[in-house]
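The structures come next, written out as structure tokens.
Next, two complexes with chain A in common: one pairs it with chain B, the other with chain C.
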Partner chain A sequence: MITVSNEGPKFVIADVTITEANLSNSDQFKAELVSLLDQHKKIIILDLQELKYVDSAFLGALVSALKYAISLKLDIVLVGLRNDIRDLIKLIRLDKVFKIYNYAEEAQFAVNKF
Partner chain B sequence: MQNCADKLGFEFDNSAEKLVGSLEYMLEHIAGNLPARADAEDILFKSKVIITELLTNGIKHAGNSNTWFEIEIYPDCLVIRKNDKGTPLYLVDPDHLPKVADENKKLISADMLNSLYAIWESENHIRFASEEGSFDEVLPVEQVMEHFGILIITCSSDEFTYTYDRLSYTNTFRVQLLF
Partner chain C sequence: MSSPNAKRVLLVDDNPLFLKIISHAFTKSGFEIASCASASEAIDYLNLNIPDAILSDYEMPEMNGIEFRKVLMNHADFKDIPFVFLSYITDKDLMAEGLDLAAVDYVVKETPVNVIVSKIGNLIDTVQKQRELSVLEIKKAALALNIRTVPKVAPAVEGYDVDFWHQAYQDVPGGDFIDFIEVDERYSYIVLGDVMGKKWVAWFFTFSFLSYIRAAIRFGIMNGDFSTAEILQKVNSVICYDDALKDILSTMSLIMIDKQEKVVSYSGAGDLPALHYHAETGAMEQVDSSGLLLGLFPDGGYTEERITLKPGDQLYIFTDGLIDYEDNGEKKSDYNLFKSKLSNMIAEGLNFKQIRQNLLQNLSPSLVDDCSIINIHKH
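Take a look at the complex of A and B:
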């Protein structure tokens, strides 16, 4: 459900390929994200443009993976969010936790300045 | 609340693969029956996240019992109600929760971003409330909570309550959105 589409010295661009992210696949989603962090040891730019539906289980998995990334002194950056998913993230203030950009190119530019 | 202008009943069998289809069915009904005074984009966004979380709650907690949804559209508000006979919400036995200043108000969860409270309005009837937290420039991510279901519904709604009927063993979540 996550595929790597590009990689730079500091980052990996990972595309989420599912349209529905909920409690039925949140454990697998988290496991794949953790595996990417372990494998590449780089900041993950997570492209969510294919995602149409998310629930609290998915957001919980995302936060859990972010905590793991931070423990490795890395990060997970979100790009390509649909408006309603971005609004949901803002609703519970997770926009204070995740760096969010419209496009992967913007995120790459920002990551390269870290 | 004025007289109900439209009502939909919908039975959900708690299967995860039917979550999106069930969500879209209820959202289409809401979209097609909102009064002109309602901010349709706002109400449909809130309805989407609320119904998603109620469906998810059914999948997680309703067990073998089916979940029954009711959507009621009034001239001044939308009411979404979910009933099931699954495991009661753990808040029915609130003794383990820390009390706050108000005797009937208890803190369910809190981090730097949000605090979530349960307020007992009568025995077995709870209203949820949330408050935004404050933090310095650097937020300690490791302290952020990972369970958002009740918080999402509370933040999206004008009123969110839970009732447990001990005679019929029925859980009822009721959400109200004002237009």
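Take a look at the complex of A and C:
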């Protein structure tokens, strides 16, 4: 459910290919994200533009993958969020823990300056 | 035609003719069928769908049936899907190898198609019955131990009407938890949270959470500290440093009612903002708090909002299942839509009991989450 579409010296751009992220696929989503971090040892720019719906189990998986990234001194950056998902993330204050950009290009530019 | 409750079977075979014949037979019997021409195609399918059973050929180019089964066995989400091998070969060693890999059964391809169909149907029925029984057993055990994550009744708090509604996903206890703690004549606490993650695991951890919260509140009071923000910070510290709870995250809304000062304090940990209905103006105000999810970082940045409820005012806290809805078969979440729906129901003069009924009737049919809401109404 995650495919790598681009890679730079500091980052990997990973596209999420599912449209609905919930309890039934959140464990696998986390496992794929963790293995990407292990494999590449780079900041992950996660493109969520295909995603139309998320539930709390998915957000939990995303946050626990972020905790893992931080433990490796890496990061997970979110791009391509639909307005309603971005609103939900803001409502529960996850915008304080994830760096969020509109587009992958914007995130790449920012990541290169980290 | 398949119904929404149709049994879903994944067929994997490199022989297109056989796939066609057997798909037809299953579909005719009311099954929903997905057919894949190779094991790798089947794995792609499984990444997006979980069928009730898998029927796979043994002899296939690239990855054969045994190798396919081995891949599934290494995957937590796939290893428990009933798996049946299909083959022309009546090789006893091969059968033994397949059964070693916890394949539930072995079917020879020469078996009449209708026999294969009813065999798979029976297998799915048996597995489902077993699962229902296990759920029933755990429910019985939980009941016997008198452990629950949601109280039976709302407390009587002088000067206020407190009520709640909780709907478990498919009636299986999930991650939502509610608690009411009556400290003394002056202070009452109201707790609402959602442990994020797998149903049964989440349900199990809610008990640990509830113990921590109860302990933190009691210790706070013993030391003369009643602050909701402090209590959240204490619970968060314990969770962050407890290895057993390492990967568990939870939202929490914590409310304290001070009956003497007639003030309500609210602190949130990654929860949806509370809603304050002003009886005088009819306005519905969003009450934000700034704390992060419990278990995320050792410093959760919890703050405390002091809310004065005037006579007739109402305060609502709720979990995220409530803001989900369906639009043209597409699932969506919209906090503001829920806010305006709730506002309209109050404006129409509905009481909480009626609001509850209304919410239940309008729940999304494909609800995949728990729903909980607590209402505090000032007399």
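FYI, the second predicted complex is superposed on the first by the 114 of 114 C-alpha atoms of A that agree within 3 Å, B and C clash if a C-alpha of one lies under 4 Å from a C-alpha of the other, contacts with A are read in each partner's own complex, and residues count from 1 in each chain.
In this text, a contact is a pair of C-beta atoms (placed from the backbone, for glycine too) under 8 Å apart; a residue touches a chain by one contact, two chains touch by 3 or more.
Here the structure is a predicted model, which is why all the values come from computation and not from measurement.
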Exercise for the section: In the superposition on chain A, see if there is space for chain B and chain C together, and answer fit or clash. Expected result: clash
Exercise for the section: Mind working out whether A:L72 is in touch with chain B, chain C, both or neither, as first, second, both or neither? Expected result: neither
Exercise for the section: Check whether A:L94 is in contact with chain B, with chain C, with both or with neither, and answer first, second, both or neither. Expected result: both
Practice task
Scan A:D84 for contacts with chain B and chain C and give back first, second, both or neither.
Solution key: both
Practice task
Considering only the touch criterion stated at the top, classify A:V4 as touching first (chain B), second (chain C), both, or neither.
Solution key: neither
Exercise for the section: Name the contact category of A:D55: first (chain B only), second (chain C only), both, or neither. Expected result: both
Exercise for the section: Answer with first, second, both or neither: which of chain B and chain C does A:L23 touch in the superposed model? Expected result: both
Practice task
Look at A:S64 in the shared chain and tell me whether it touches chain B only, chain C only, both, or neither; answer first, second, both or neither.
Solution key: both
Practice task
Could you pull out which residues of chain A sit against chain B in one structure and against chain C in the other?
Solution key: 20, 22-24, 53-57, 59-60, 63-64, 67, 84, 87-88, 91-94, 96-97
Practice task
Give every residue of chain C touching chain A within the complex, in rising order.
Solution key: 47-48, 50, 75-77, 175, 194, 196-199, 247, 249, 251, 270-273, 290-293, 296-297, 301, 319-320, 324, 330-336, 368-369
Problem - Touch list for chain B against partner chain A, complex - result: 16-17, 19-20, 23, 45, 48-49, 52-53, 56, 59-60, 113-114, 132, 135, 139, 141-142, 144-149, 151-152, 155-156
Problem - Residues on chain A engaged by chain C in the complex (per definition of touch) - result: 1, 18, 20, 22-28, 52-57, 59-61, 63-64, 67, 84-85, 87-88, 91-94, 96-97
Fill in the blank from the handout: Per the touch rule, the chain A residues reaching chain B in their complex are 20, 22-24, 53-57, 59-60, 63-64, 66-67, 70-71, 84, 87-88, 91-94, 96-97
